[in-house]
C-alpha cells in the first residue's frame, strides 16, 4: 500500500543543507514521504520502540536507578541511544478516562528548525523526500540543533554528536517500510507519500468522528511547514495531552540569530575592519613625536 | 480458538473479557482493529483495569476481579428474557430441546446442584443426564416449553441474574451493563456475529472452566459458534501451548486427547468401550473412532511389540486412578512424595502459586533436572535459602537451544501448524531437545538392557526409528506423528488408498486392526506422502475471509473454523449472505464452501454440526463438568464480600482445598483489597527479564493501585510498596493510577490492586516474584490456579 | 630636541608582570575564541576550524578557552576596574573621538594612564566577558536549561560576539599598527617616557612628578 | 555491514575535505547524498516463528555468513515475516527484540551441576550429566514403580517422577518427550498450559 521509493539506492536528492545554500532542486525528484500515527488504534505496546532500537543496533538505556520510576514508560524520554519512545499519560476527559499514548520521535519537519539552527555546512541535511538526517562527519557538536528543534528531539552522545530518528532512510531507500511502521502490530502506523497519508488520515478521521470523537483532528503543524510524522488525534483539540505542542514553530529567536543578527554582524565586523584600514591610509598611525617634535 | 486469528476481522462485535489481547496478543489483536476499521465493529472491553485493550476500545467496563460469572449470567438472562437468541439455531444446533432427568435439580438457596457429597466435595454427575428413549436417543421438546427441557431449566436458572444483581456483584452500574447487553444481544441476528476473546483472565479462577462454559452458552444462544467472526476464542499463552496440549503434555491425556487407561479398565476393550460414546441424536459422533486412534497410537509407539494378542501392548501404558496435574505435583512434592523432576523449559518455582510452598517442595526432591536457555529461579532455588548445604537435592541445569536454533513446527492458538527452519547454532555447548532426548533415551534403554529393572518392556520396545537414534530429526518425528500404513490400506471397494510404508493422508484411514500406526491422530494429514504441509506458504484467500487454507496446516483436517457447518441454517443454507461460509449443495448432495467442512461432506443437514459430541449439538447444559451443568457464580476463595446469591456456599463447592501449613487463606478484615496478577506486553513470563531489549522497555516491577487508595495510604508514584497476603509479600514500585477506580460492591467500597508478574531473582532486571503472594487454589476441571482475585494489603516501605 | 631625545631614551614601566600576564591570559584564549567562534558563527569561515584543531576539537577547545578567558577577564576586572572608571574628561574625549582617529590627540583632553577609548574597551571586555560566560555555560549544557533560555543565550552570545569582536578588531589595530609602541609595551611592560608623554600626558606627569 | 559503514565513513571523509575547500571559496552545492547501506542486504533470510505467545507470528531471521568453514552464522536482525497471514510482518515488542534473545550474552553455554548440599554450581560435561540423569531416573523408577494397585489391578505406573515439558518446545521434540515419559510409566506429567 505504501509508496516505495528506490531511487535512494543510488543517492537521495537533497532539498536543504545546513548552513549552505539550497541545492539545485531540478536534478533529483522524489515524493514527500510521511508516517501517519493513528493514535486511535495504538495500544502503546512499544513494539516500534523496541524494533527501532534493534534495527539501529542501539543499546537503549536500562533505567534501574532506584530514584527513577516512570511506570509504563521505558524511561524519562529520548536518549542518544533511544530514537523514539512511547509517552503515557492518563487524562480524565469529559467523556471519561483517556490513556493518551504517543509515539514520540523526530517529526521530520518540512521546515526543520534543527537544520536552520545548524551552523556547520552539511551536518544536517533534508532529502528531497523530506527525511531530515544528520551527518556526524560534518557535525561540530555545538548542540544548536536542539535549540532549533520545536519538539525537543536531538540527544547528544558523549562526543556531542546528536542522534535521532532518521526515518530508516536506509530501509526506505531500499523499498522497505521504516522499522517502526513495519513492526506496528495494530497498523496504527502507516507509511507512504505525504499526500496518501493525508488522504488516509482524513478517511480515518471520518471514522473517528462517527465513533463520537467529534474533536478528533489530524496533527500536521503548519508552523514548521507540516511534518513527516502526522498524527491522528482522537482528542485533536488538546494535542498537549499527547505531549505534542499546540502551536509548533521554530522559535523566532532562531530566525533572529540566523537572519538579521548575522547580517548586522557582518556589517559591523567588516565595517570595523574597513574603518581601521581607512584610518590607516587616510591618517596613518598615531605616532609619537608629531606634536612633541613640533613643540620641540 | 474455535476460529482463527485472521477470522477476528469478520466480527461485528469484539467482546474482550477475561483477556487483554492488546497486551498479550498484540499481533492477533490487529484483526480486531481491522474489524473496526473495515466493518465498523465495536470493541468492548470488560476488565478489572483500564488496560491497553481498554485504551483502544469503544466501551470499557470495570469489573471486580472474580465476578465475571455474574456478568455472564446477566447477559444470558438478558438474551433469554428479551428473546434475542437465535431460535432456529438453538433448537437444532444445541441441546436446548433435550429433556433432563428429574434427578437433576439446583437449589438457589444453597447454591448446590443435586448429588453433592460434602465429604468428598464431589457431585454425582450421573444424576444430571438426559432422558433417553428406548433407542437410547435423547428425548426432545422442539417447542422448548417442557419444564425440564434444557432451555426452560436454563431460563429459570439464570433468571436470578438480574441487572441489579449484576451491579451488586460486579460493581458495573446497571445502565452500563444494559448498554453493553443490548449491543451483545444484537449479534443474535443471523447476519451479525460476535467474537469473544479471552485468555488467562478467565481461566485463572477456581471456576475458570465454568466461565468459559458460560460464554459458550451465550454464543450458542446468539448463534455465534461456527460462523465467521464468531466463536469462543481462547488466546493461548506460549507459542506452542496448543501443540503441547494437543500432544498431551498433561498427564490426563495421551496425544490427540485420547485418555490414559484407568486402573479400572483392565483390558483394551474396557478402555475403548468406556471412551467411545454412543450417539444420543443424529450425530457424526466422531469419537466413535476412538479405538482406531488408540490402536494406531499403540502401534506407533510399540511397533511390532504391539500385537492383537497382547492387546496392542495396552499394558505398557501406565494406568491412572487420579490425574496428577501441577497442583498435585506441587502438593505431593511439598509432602515429600516426589523423588525427581525433569523440567524442560519450565520455571515451576516462578510461575506457580505460593512460591514458598514450591521452594520447600523442591528442596525435598532427591534430584532435579532443569533444561533452559537461562539460569532460572527454579534451577537456583537452593541459592535462596539460608543454608544451601541443608538442601539435599541434586540439581542439573542443562543449556538448551532456542527456537531459532532448531527445526520443527509450532501449533498456534488458531490450531495452525507452521514450520520453522533453523537459522543459527546454539551458543557454546547448548543443545536442542532432539539431541538430549536421543542421548538420554538411549542411555536409559541401555541401562535397562544391561541391568534389567522394573517392567522394562515399554522401555525396550518403544519405537525409536530414527536414522541417528541419538539425534532424531524433526521430520522423522513428524512422520511418526502423522502416521503411516503398516499394510496396504483399502477402501470399501477394495482399492488400495495407502500403500504399505507410505504416510497416511489423514486420520480418516486409520484402523483399529494394527495396520496403521499414528502417533498423533489429530495432526494426521499434516505430513502426507506428498510432503510436509506445515511448510506450505500459499497466501491465497479466495473468499477474502482470511481462510488461508494453503498456509500451514490446521487441525483437524485443515479446518480453519471449527463446527463450521453451523454457519448454515438447519436446512443447509447460509444464515445470511454476509456470513456465508459452508453450505449444503443440494444438487451434488454435499457440503461445500470456503473452508473444509467440519462434517462428513455427504452427511445430510439433519445431522448436528457439533460432530465431536454424541449429541451432535452444542451443550447449553453440560453434565460433564464436575462443578455443575450450568455455570453458577461463586466467589474466589479469597473475596472481600459475601456471596449474595448463596452465602452458605460462597465458593466453588468441588474445588480441592489443600490444607498444608503453607496453604493459607486470608480474610477481608486483615487483607482488605482485591488483588489480581497479570502481564505486560513488553515481557513474557519470567523469561524476557533475561533479555536486554525487553528489560529496557519496562525495567521495574510495579504495583498498580487506585489513586484514591494511594492517597488514603499516603503513597506516591515511585514509592516502594509491599503487597502482602496470607502467603507472603512482594515489593514493587507504586504506580497510583486513574485506570483502576474504587468499586462499590453491594454497598461496600472495594479497591483493586494490580500486580504484573514478570520479575524474579535472576535476569538483567530483578524484582519480586509475584507468586509469593498468590493462593494455592485450583480450578477443579482444569487445575488452573486462581491468580485473579485474592485478598491483599498494601503498605509503604520507602518513599 | 634634547629633551625629546632624552625622553625617548627614558624607559618607564607601563605594565607590571602581573598586568602582562593577565592581559595575555585573556588575549590568547580570546584570539582562539574569536577565530573558532567565527568559524562556528559563519559558514563562510567554517574553513577556519580545521586550522584550529579540527571541526570537533575546535568547538571543544572553544569552551575551555572560554573558561580561561573568563578567569582572565575576572582578574582584569579586579586589576583594572577602578582604573577604568570614566570621568568627565573621558566623556569629552569620547565625544571628540574623531580627533583621535585623525591623529590630533592634542585637540582632546589629556589622557591619563588609559584613555577613554581604552577604558570603554575594557568595559566592553568586562561586560562582554560576563555575557559570554553566562550564555556560554547555558550553551555548553543546553539540556539543563529550558529551550527558551538556551535560544536567548545563543542570541546574546552572538550579539556579544559582534560587539566585542568589533572592539577586538579596533584593539588589535590600535595595539599594533594604529599606535606604534603599544604592542611592545604589553610585551616588555616598558614604554618610552616620550610615548607616555605623547599618548598619556596626565599619567606622564604623574610618574615624572614622582 | 562493516563494508558499507566504512565506505560511509570514507564518503564522510571526502566531504570533510571538500568542506575545507568550500571554505576557501569553492562551495559545492551537492544535489544528492549517499545514504547508509542496508544492513541486511547481504544476510541470509531464514523463516522462523516467534517463540513467545501463541499468535505464533512468522519471523525472518537474518544471519550474516558466507558459510565458510570456521564461521558461525551471526544473527544480525529479526523482523516479522510479511507473508505470514497471522501477523503480516508485524511484531510485538517481545518479538521485535528476538535478536537480543538469540544473542543474549547470559545464555547458558555449559551444563551445570549442583551436588546435594553444595553451595555453588560447577561445570559438568554432557556425558557425565546424561549418564547421571539416566541413572537417577532408572533408580527412582525402579524403586517406586507400582505394578499393581491396592485393589490388585495392573497399573504399571510411576508416580514419583514429575515430567514437566514446557510449551515453547516444538511439536516434534515435545512429542518425543511425552512419548518417553509415558513409556517410563510416568503419570505426573505436566506442561505449561495454564500458567
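A few comments on the model shown:
Labels for the chains are A, B, C and D, by order of writing; each one numbers its residues from 1.
To be clear about the criterion, contacts are C-beta pairs under 8 Å (C-beta built on N, C-alpha and C of every residue); 3 or more make two chains touch, one makes a residue touch a chain.
Only a predicted model underlies this, so the values are computations on that prediction, with no experimental measurement involved.
Chain pair with the larger contact count among B-D and A-B is B-D, by C-beta pairs in contact. Averaging Cα atoms per chain gives one point for each, and the point farthest from that of chain A is the centre of B. Relative to the centroid of every protein C-alpha atom shown, the closest chain centre, again from C-alpha atoms, is found for D. Note on chain placement: the centre of chain B and the centre of chain C lie 84 Å apart, centres being C-alpha means.
The distance from the centre of chain B to the centre of chain D, each centre being the mean of the chain's C-alpha atoms, comes to 26 Å. Between the CA-based centres of chain C and chain D the separation comes to 68 Å, rounded to the whole angstrom. The geometric centre of chain A is 48 Å away from that of chain B, both derived from CA atoms.
For chain B, residues touching at least two other chains, in rising order: 26-27, 30, 681-682, 692-694, 697, 764.
Shared contact sites, meaning residues of chain A that touch two or more other chains, fall at 20, 45-47, 49-50, 53-54, 121, 138, 185-187.
Shown for chain C are the residues in touch with two or more other chains, namely 46, 55.
Residues of chain A touching chain C in their complex: 19-20, 119-121, 138-144, 146-147, 152, 156, 159-160, 251, 253-254, 256-257, 261-262, 264-266, 268-269, 271-273, 275-276, 279-280, 283-293, 296.
Looking at the complex, you find that chain D touches chain A at residues 9, 12-13, 15-16, 19, 22, 27, 29-39, 41, 77-80, 82, 87, 89-97, 99-100.
Listed in rising order, the residues of chain C touching chain A in the complex are 1, 3-4, 7, 40-43, 46, 49, 55-56, 58-60, 100-103, 105-106, 139, 142-143, 147-148, 150-152, 154-155, 158-159, 161-163, 165-166, 169-170, 173, 177-181, 192, 194-195, 197-199.
Contact residues on chain B toward chain A in their complex (touch as defined above): 22-23, 26-27, 29-30, 33-34, 37, 40, 50, 52-56, 58, 60, 680-682, 692-700, 702, 717-718, 733, 735, 737-739, 764-765.
Every residue of chain A that touches chain D in the complex is listed here, in rising order: 8, 11-14, 17, 20-25, 27-28, 45-47, 49-51, 53-55, 57, 121-122, 125, 127, 133, 135-138, 169-171, 173-174, 176, 179, 182-187.
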